[in-house]
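What follows is a pair of complexes built around subunit A, which joins subunit B in one and subunit C in the other.
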Partner chain A sequence: MSEPIVSTKTNIAVWLTLLVLTGVTAGVAFVDLGPLNTIVALVIATFKALLVVLIFMHVKYTSEKLVKVVVISAVFFLLLLLGLSLADYTTRLLM
Partner chain B sequence: MADSPIAVEHHNPALKHHFANMEQQREASSLGMWLFLATEIMFFGGMFCAYLIYRYWYFPDFAAASKSLDITLGAVNTAVLICSSLTVVMAVRAAQLGKRQEQVVYLALTLVLGLAFLGIKGVEWTSKFKEHHIPGPTFNFEGSVPGHPDQPVDQHHAQLFFSLYFAMTGMHALHMIIGVGIFSYLLYHAWKGKYTPEYHTPLENSGLYWHFVDIVWIYLFPLLYLIDRKK
Partner chain C sequence: MATAALTAERENYLNQEYGIKSWLLTVDHKRIALLYLLSITFFFFIGGFFALLIRLELLTPAGDLVQADTYNKLFTMHGQVMVFFFLIPSIPAVLGNFLVPLMIGAKDLAFPRINLLSWYLYIIAGVLMLHCMLTGGVDTGWTFYTPFSTAFSNTKVIEAGLAIFISGFSSILTGLNFVVTIHRMRAPGMTWNRLPLFIWAHYATSIIQLLGTPVIAVTLVLVVLERALHLGIFDPTRGGDPLLFQHLFWFYSHPAVYIMILPAMGVVTEIVPCFARKRIFGYQFVAMSSIGIAVLGFLVWAHHMFVAGISLYAALIFSALSYLVAVPSAIKVFNWTATMYKGSITFSTPMLYAFGFVGLFTMGGLTGLFLAALGIDVHVTDTYFVIAHFHYIMVGGAVMGYLGGMHFWWPKISGRMYPESLGRLAALIVFLGFNLTFFPQFILGYLGMPRRYWQYPPEFQVLNVLSTAGSTILAVGYLLPMVYFLWSMRYGKVAPDNPWGASGLEWMTPSPPPTFNFDAPPVVDWEAYDYEHIPAPQEARSGG
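For the complex of A and B:
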């Protein structure tokens, strides 16, 4: 399969979504959601990152499975680093 | 090359002899680029990890320090980077369709947006410098913990926030500067008509790099600027 050519319409739609979500992130930060504020900000950021990786970086369209393996394992090891480190530091009794 | 058994496709001068065809060559270089980006994810991941741990430990002081950042400039810079990501995909698309002029226009726009980002970042850093928010002997952070007007911010913890802020935005800006260099090179060669629908791998892989740097900022903006803006 040859490389994907993404339509201008899709690119513009992704671009607009990213801009709107940037506004939403900034706006929602001023609303008091308690500890949910951080979670909402990170969920929106992750959704934006997914859009960029899948559409702008063509991962959704690629026929090369090895690229997908690399992307998924990179994210997996990142989560391993963050998850295990935070599991340690956030559960220490003495600070 | 003509007598090589694997050179089956038409003889594109960009096809290296150890690849069977342009498709295989393209996929190999794309995979290589993604492997490089995986190392970049771990590189930034270490800094994100340090940031998250200290943010958890010293949350009130981090929130106070975060409030001194300019949220408008941060949001504008996010928008600038997102626009530059669009111009990059449009430049790649123009190359895929063999439109040289469009390619040049979009690459030039990307450069302008990249430089605009760095300019805004420079303005932010300058004001941090004037406010003595640069970690070091003259560091001084006035203010109280959000929600507790009588509780002053711990200087060491605030300094830790700004150390991480400058390390992370600094490494990000360094990536942007390298990106501007790469895209200047691409602009020159696109102008010369080097990138065709059959061969535009440098453009594509540099695009992957640019989008990666964009994603890092997508996380940096909420994490650094929006810790606690409620009150």
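For the complex of A and C:
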């Protein structure tokens, strides 16, 4: 375990990218894009989450099945949360 | 006799090192389990104290013991302490911590230091919670419902939220440790189909802890952000949606009930075959029903929100899914009873708790089906019917399982036997006290008594007096084991390695076990619960 799995250079690059994307998210919030505001924010957030999971959490560099199962389960349960919540939000009657 | 004397004097995890430092810096899973045992017992009595004050206030219809605001704080802190600081860590962090490595034939958990870290996180959270309670408390209900919690409550919402946030990480780390340990550290021959069902139950519990707890953590952070920085997430006046809070809160908090009950089911599954002297009926079904409960438990959360304003379509879906959870739960109940059928049953203390669990859990589960039905739910939402229902699960189920497990494994944990007749008496008192406390609440709720009020119409008094009387009996039932467990540590008979004639690797090592659990690494070449080939219980001997 003496060799770090991810080089310091990559870590710093990812960190800077995350900071820039946070700035972009904040900046876009001040521009009125209509419904696109939410979509843009979500796309950026998803990309940032991917960077964290794949590189900071080393998922990209692992071949371990257990790690993959955990990641897939986590995404599956997130989809359950979103999907079943949307079953409520998309079918509410507007009074 | 000579072997027994040797066993009593040999080095074990309790006498290997002495001094406070050897406990506070230990990475031994068995010692950490005892640290958890002390801490959760402390919080159990704090939560119990609040419960007794609540019952005392409800002895009379008038609000005469405490003021309304104080009453709100009492039921809030009773709930928060009991759920987050007692029930969730109870079986996993105490019995699970102690037994998971022993049962699978490992020296320790996969990450011993993370295990200690999880206890320290729990303590930090507990100190924060105590500080919150001593400096004014919180009055939102344990559920933190918005917009009350973010915009109106003048109490210590942020502090309580942060305490629970931190305790969540303790829970996540325990779950993580169990998952990795169960995958990676099983002894040779300990295949998935030979695992004790206690392990399967803890595996399922760990999945919920890992996947559910982050959601409540994020949700509480959002509550804190909205309260402190006035972001519009849940507050409708700022464009937020209060129901979003409820969706996120119950996405964790409904499965959290399974964090409490699944380990208790695991305990009962160990106790029943042992005291019926029979192999468990339907091993695979019991194992898979644990996983089934863990997964289905994530699909039912909005049944807590049927009258909150969710769409009728969503309510129908969640109602149907809620019925589904009953299937794996029923499989377990049927399998336990089928195991007992034609068994050679002994009515020892752990078995009495297991009987209590099966009966009370069934009552709690069946009334849960009433609540899953949309029409009945509208009638009994936020009444004492709901209070009775979930106490049958969380106290009648989880606490009975915890006490049953504590009695079953106490000889292994302490190396001493507790007094059996007092044990049986306490189990009986707990069962009677429990039913007297909570059964009247089903009737009260059905008649329309709402929860969370400190006054009520005089016609409800008789049932409330019964309930309060029951709670004092229950308190005696809970105090008794604490007293005789402590007594037994000095005066109890010396426990043999396997006092119950039970199956499982934990009974093949000395009581109490050595620091690294086994003198030689075990190899498993037999099936689980092979009671046809297990020797009879060993006799305890008098100790000094």
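Here is the rule we use: the second predicted complex is superposed on the first by the 89 of 95 C-alpha atoms of A that agree within 3 Å, B and C clash if a C-alpha of one lies under 4 Å from a C-alpha of the other, contacts with A are read in each partner's own complex, and residues count from 1 in each chain.
By definition in this document, a residue touches a chain if its C-beta (ideal position, glycine included) is under 8 Å from a C-beta of that chain, and two chains touch if they have at least 3 such contacts.
Bear in mind that the values here come from a model prediction, so they are computed numbers and not experimental data.
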Check your understanding: Overlaying on subunit A: subunit B and subunit C, fit or clash?
Key -> clash
Practice item. Please indicate which partner A:Phe77 is in contact with in the superposed arrangement: first for subunit B, second for subunit C, both, or neither. Key: both
Review point. What is the contact status of A:Leu54 with respect to subunit B (first) and subunit C (second): first, second, both, or neither?
Key: neither
Practice item. State whether A:Val67 touches subunit B only (first), subunit C only (second), both chains, or neither. Key: first
Check your understanding: Thinking of the overlay built on chain A, is A:Ser85 touched by subunit B (first), by subunit C (second), by both, or by neither?
Key -> both
Review point. More residues of subunit A in touch with subunit C or with subunit B?
Key: B
Exercise for review: Have a look at 61-69, 151-159, 295-303 or 331-339 and say which bit of subunit C overlaps subunit B after the superposition.
Suggested key: 151-159
Exercise for review: Jot down the residues of subunit A that show up as touching in both complexes, subunit B in one and subunit C in the other.
Suggested key: 66, 70, 73-74, 77, 81, 85, 89
Exercise for review: Enumerate the contact residues on subunit A facing subunit C in the complex.
Suggested key: 66, 70, 73-74, 77, 80-81, 84-85, 87-89, 91-93
Exercise for review: Note which residues of subunit A are touching subunit B in the complex, please.
Suggested key: 2-3, 5-6, 8, 11-12, 14-15, 18-19, 22-23, 25-26, 29-32, 37-38, 41-42, 44-45, 48-49, 52-53, 56-57, 62, 64, 66-67, 70-71, 73-75, 77-78, 81-82, 85-86, 89-90, 95
Point to revise | For the subunit B and subunit A complex, residues of the former touching the latter | key: 23, 26-27, 30-31, 34-35, 37-38, 41-42, 45-46, 48-49, 52-53, 56-57, 71, 75, 78-79, 82-83, 85-86, 88-90, 93, 96-97, 204, 207-208, 211-212, 214-215, 218-219, 221-223, 226-231
Study note, to complete from the structure: subunit C residues touching subunit A in their complex are 179-180, 183, 207, 210-212, 215, 243-244, 247-248, 251, 298-299, 301-302, 309-314, 317-318
